[in-house]
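Shared between the two complexes below is chain A, which has chain B as its partner in the first and chain C in the second.
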Partner chain A sequence: MLFSSITTGVSCGAVNAMFDSFTPLGGLIPMSLISLGEIIFGGVGSGLYGMLAMVIIAVFVAGLMIGRTPEYLNKKIEAKEMWSSVIIALVAGVISLLLTTLALYTKWGLSSISNPGPHGLSEVLYAYISASNNNGSAFAGLNANTVFYNITTGLAMLIGRFVPIIAVFYMASSLSLKKHIPPSPGTLPTHTLVFGVWLIFIIIVVGALTFLPAFSLGPILEHMLMLKGVTL
Partner chain B sequence: MSAKSFKNVFLLFAIFFVLLGILYPIAVTGVAKLIFPYQASGSLYELDGKIVGSKLICQPVSDPALFWPRPSSTASYPCNPLSSGGSNVGPTNKQLVENIESRIKILNSYGLEAPFPSDMVMGSGSGLEPYISLENAVMQARRVSKYANIPYEKLLKMIYKNTDERTFGIFGAKRVNVVKLNMELLEWKKKDRFQKVY
Partner chain C sequence: MKKKELSIFDKKILEEAFINSIKKLNPLELLRNPVMLSVEIGSVITTLNFFYDLTTHNKHAWFSGNVSLWLWLTVLFSNFAESIAESRGKARAQSLREAKSNLFAKKLKNKDDKTYEQVPASSLKKGDLFLLEKDDIIPIDGELIEGVLLVNESAVTGESAPVIREFGTDKSSVTAGTKVVSGTGVAVASVNPGETFIDKMISLVEGAKRRKTPNEIALDILIISLTVVFLVVVINFRALSYYSVYSTHKGSIVSLVVLVALFVCLAPTTIAALLPAIGIAGMDRLFRKNIIALSGRAIEAAGDANVLFLDKTGTITYGDRQAYKLIPVEGVSEEELAKVAHIASIGDSTAEGKSIFAFTKEKYNISADIKDYKVIEFNASTRISGVDVGNDQYRKGSSDAIEKYISSLGGVIPKNLDRIVEEVAKEGGTPLVVAKNDKIYGVVYLKDIIKPGIKEKFKELRRAGIKTVMITGDNPLTAATIAAEAGVDDFLAQAKPEDKLRLIKKYQEEGYMVAMTGDGTNDAPALAQADVAVAMNSGTQAAKDAANIIDLDNDPSKLIEVVEVGKEILITRGAITTFSIANDISKYFVIIPAAVSKSYPELNILNILHLENPYIAILSAVIFNAVVIPMLIPLALKGVKYRPIDAQTLLVRNLSIYGIGGVLFPFFGILIIYWICEIIWRVL
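So, the complex of A and B:
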């Protein structure tokens, strides 16, 4: 369980247990760690930017709520930065949910599922979340080596990886052109414990709003069935 | 892109191809063969001059006179090293219950009664697990002693000798390598027969 959490907290994907055989909540942990964007340690080769996008969103939301100018590392956060950080935070989630829906509507998508009931949904959802966030671990009961899954997970990889990278470059160029402004009394300090807690809160809210409906039909529903002793 | 940068890119590619694609693997393989010859060639076991198994891969043993590894769901046959993988059956799948019940039935037919240690009826993620828990081995010892005609106490001694402690004292459980244990059992039987004849 420790290794599963670490391997999905970064974009590693090596496993020492089969996630498909985990209890529903056990499978939910790796799934949610990936779907938050593997931002805990940063992804291999992409590093910190997932977390930085979250920081910028947190700065902006906090700035709106308490009326401070949104600044981070002495640079003003404006429309361009917000656009790109929202894209970074949302693209992988949106594409994996869209493709999951597509898979559930077609017989090519459904025929690869090996476990009945909500666990089958978890398998499909995990496949796209893992592909679009560059992880590589899987609920391996899903037979992903079909034309349909090869094409759609490939699509998830292309969009889920390259669109955020382009957005990061866009944000970097925009920030680098901005003037360095010294901190003023109106600046929101971003090195405090309060901001850290706020950042965690923002990450959970963004992740939960994106994935909670899907998770509640997959692992959470299965957990309730399991507690009732239902087998399908 | 200018011709010069093309040349540079190609040169870099060629250098790294030779360095990382050829020289590095050769160097690592060579060093491994020199320093860890046994591990580098697969931790293999020999019996009567023939290679019969690896310390790291379980074997599909169904002989009641030997210790059994954990159940394995690899494709084609159990413990198939060419297709490592678990059953991928979820906890709400009826299949899981059926699998475990059929394994319990087999154990019951050899006179073993519940409660069983979980690794006796549940497969591993890789399907190639060579280790079983100490409780599992001790439980199997009764059956092995009956069918292999080896005293129970002798088997227990063999098991405790082959027990590995928890990793770093905290991770996992006390465990016994089934392949190693079976090898020792076979070796001992051979010697024993030898002593009886002469």
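So, the complex of A and C:
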């Protein structure tokens, strides 16, 4: 269990147990960690920039609230940085939701699901969230080795992983050309507890709420059903 | 300008705003606000659905009908917020412009021929010459090229004391609508009709010509992206629901109306609806302070300014020197000196003279009851002024002038006079030597009095991370004293325009945003270089052309207010965005359990408000989403008050109000609306 949280949190891709066999809420934890964009620091590869994108969105709104053009690491955040950040933060989520939608509407998508009901839904959702964000670890239980799933998860990987990389470079080039603003007492401090809490709030609202409807009909519902002893 | 407060509920403004908010339903107009456009499309979908429900006698037609109604209202409320801000701004500008209509100009063919032709002011073009005489109303903004006028500018500034406008000085500009009290002059029109500041202001307030500021663009990107994401979420939700029904063979797929309702509630409609109003209202608030911003960008830059260049005179000090202390020479008492200084200042009409008269009267209780006296006016060659009473000659002047005068009368110069004079000068004051006949009594220490409260203001600004730089023509010694006393961070003494320009560039290279005020032609390069440039309306055309903000009151201290309004606009945007995003959490917990309650009653655990009727629950969330917009209109128009405190404290404060409040408030709001709806439901 701990291993699965760590592996999804840091986008490593190794697995020690098939998440498919976890209890529904047990499956929800790795899934939400990935869907937040694997923003935990120290992740292999993409952890830091995912977090930076969230930081920039959080700094932007908080910065406005203190009456200054928001700035992070002494650089102003304007349209270009905003574009890059929302792309980094949201593209993977959007593509996994879109592909899940596609899978659920087509017979190729549905035919691979081995467990009916909400659990099957979790399987499909996980496949795309994992493909677009993580190293492609699987929830198992879903027969993903079909033409449909190979193409769509490939697409998820391509868009969910590489578009943010382009956005990161775009942001880096824009930021590096900007003037350095000397810090002052009027600058938003980003190393404080308050900012940390605010950042988590933004991550939850921007990242997690995107998946709440899907999670509620997947793992959460499954958990409720399990508690009631309903099997489908 | 009339200082009358325009109420939000002014009938005429409300009417105009209402009509405009319907006009703005035009999808082409809404293209500027894509989030609201998506809500409008949603309204069309639910409305069509409602008509379909009606024709098929669906028992849930009441639901689709009500959702449609409140979605349309959401768009209307949003349009209304923008319209009312526009209407208020325009009404204020119109009241200024009305003062200028129906004016006539005495148009001249050339400067030397004073025979004029009476023409309507609206026919004057830029570059035309016109004659100004006593009692004329100035027909158009212009610049004097000949003569000196005393002008009453109360129509524009509200200040009743007339001001001098003189050709060849920094105060050579004349403003349309103001009245010549005395004097004759020739002015050249500096603008075409329809291009005055007021006209620019009006076009800035009107939607079509308003350009989005960099901050608005960045915020737009964020809220439009979130809207797109929520659109995907809703489409996905439909697929999830379809799959659930398909695999379990129970319940029904979430209806289109519920999906649209979910989408609109999740999309950041609150901030999208109020964003245009916040910017317009900011300009309007400046306008109420008689400050005209020539672009929204300028106000926003003002909020970012972290170095303020402040003119010493008028901003930090009152500008005229005032008596501060009396220092007698050896062998003279303070009272004796006070008496001589008092009499020497009788009938002196200068600000310095009056202050000596009042100071000695108040502090030393001296009241010379002298009827028969002769005032000796200050003259440029002797540089001495005073009063003759009988045979006694009371004199005052600078130390070298008085010393020369006393020596010529054969008097003695007291030994310690030079030392006193030197000390006063060293402290940044102006020593004025007082004598009676051939005897020197002592020195009146005249000082630039620092405006009360300005020191505290600078302290606040420093806490908010804003540096202040004092600009003065004084020598470095005097400047340093006043700078220390006022508590500014830096000063520029014996400031020449080139020095100002250089210092601005130096700060900008270090990454600072510089704001300054100016009025003279030689200020123009510095004004053009500064990030925020406030020109005095009395200043020269060159200065006004280089500036991006014009102050009708000609009060340089208002730079600080411009900065505050700039910050308030940003804070208001941030606060409402936070509120809008935070609202989503509670709306999720209302709509999702309600939407799937038929298929999966198990998910009722997410229904933390325990709303029994899912249709009313969804409707309540939609209604809440709509009514929160008009509820926040007053906040958007007035702005969140800026307090000069450090960033951390300000953040904690605004986060607790708009963040935590934004999460909790909708729970209560939706619950109350739910109860009301349920009562109505039962009654019907």
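We adopt the following convention: the second predicted complex is superposed on the first by the 225 of 232 C-alpha atoms of A that agree within 3 Å, B and C clash if a C-alpha of one lies under 4 Å from a C-alpha of the other, contacts with A are read in each partner's own complex, and residues count from 1 in each chain.
Keep in mind that, in the parts below, a residue touches a chain if its C-beta (ideal position, glycine included) is under 8 Å from a C-beta of that chain, and two chains touch if they have at least 3 such contacts.
All values derive from a computational prediction rather than experimental measurement.
Chain B and chain C, once both complexes are superposed via chain A, fit side by side. In the superposed model, the vertex angle chain B-chain A-chain C (Cα centres) comes to 160 degrees (nearest 10). Once the two complexes are overlaid on the shared chain, A:62 sits against chain C while remaining clear of chain B.
In the superposed pair of complexes, A:152 makes contact with neither chain B nor chain C.
In the superposed three-chain model, the partner touching more residues of chain A is C, compared with the other of chain B and chain C.
By the touch criterion stated above, A:78 is placed in contact with chain C alone, chain B being left untouched. When the shared chain is aligned, chain B and chain C each come close enough to touch A:225. In the overlay built on the shared chain, the residue A:194 is in contact with chain C alone; chain B does not reach it. Nearest C-alpha atoms belonging to chain B and chain C sit 12 Å apart in the superposition, given in whole angstrom.
Across the superposed pair, chain B and chain C both touch chain A at residues 116-118, 225, 230, 232. Chain contact summary for the complex, chain B toward chain A: residues 85-94, 96-97, 125. Listed in rising order, the residues of chain C touching chain A in the complex are 214-215, 217-219, 221-222, 225-226, 228-230, 232-244, 246-248, 262, 266, 300, 303-304, 306, 462-467, 510-512, 566-568, 570-571, 573-575, 577-578, 581-582, 584-585, 588, 592-593, 596, 600, 602-603, 605-606, 642, 646-648, 650-652, 654-655, 658-659. Of all the residues in chain A, the ones that touch chain B in their complex are 15-18, 20-24, 114-119, 122, 139-141, 222, 225-226, 230-232.
Of all residues in chain A, those touching chain C in their complex are 57, 60-69, 74, 77-79, 81-83, 86, 90, 93-94, 97-98, 100-102, 104-105, 110, 113, 116-118, 120-121, 179-182, 184-189, 192, 194-195, 198, 201-202, 204-206, 209-210, 212-214, 216-218, 220-221, 224-225, 228, 230, 232.
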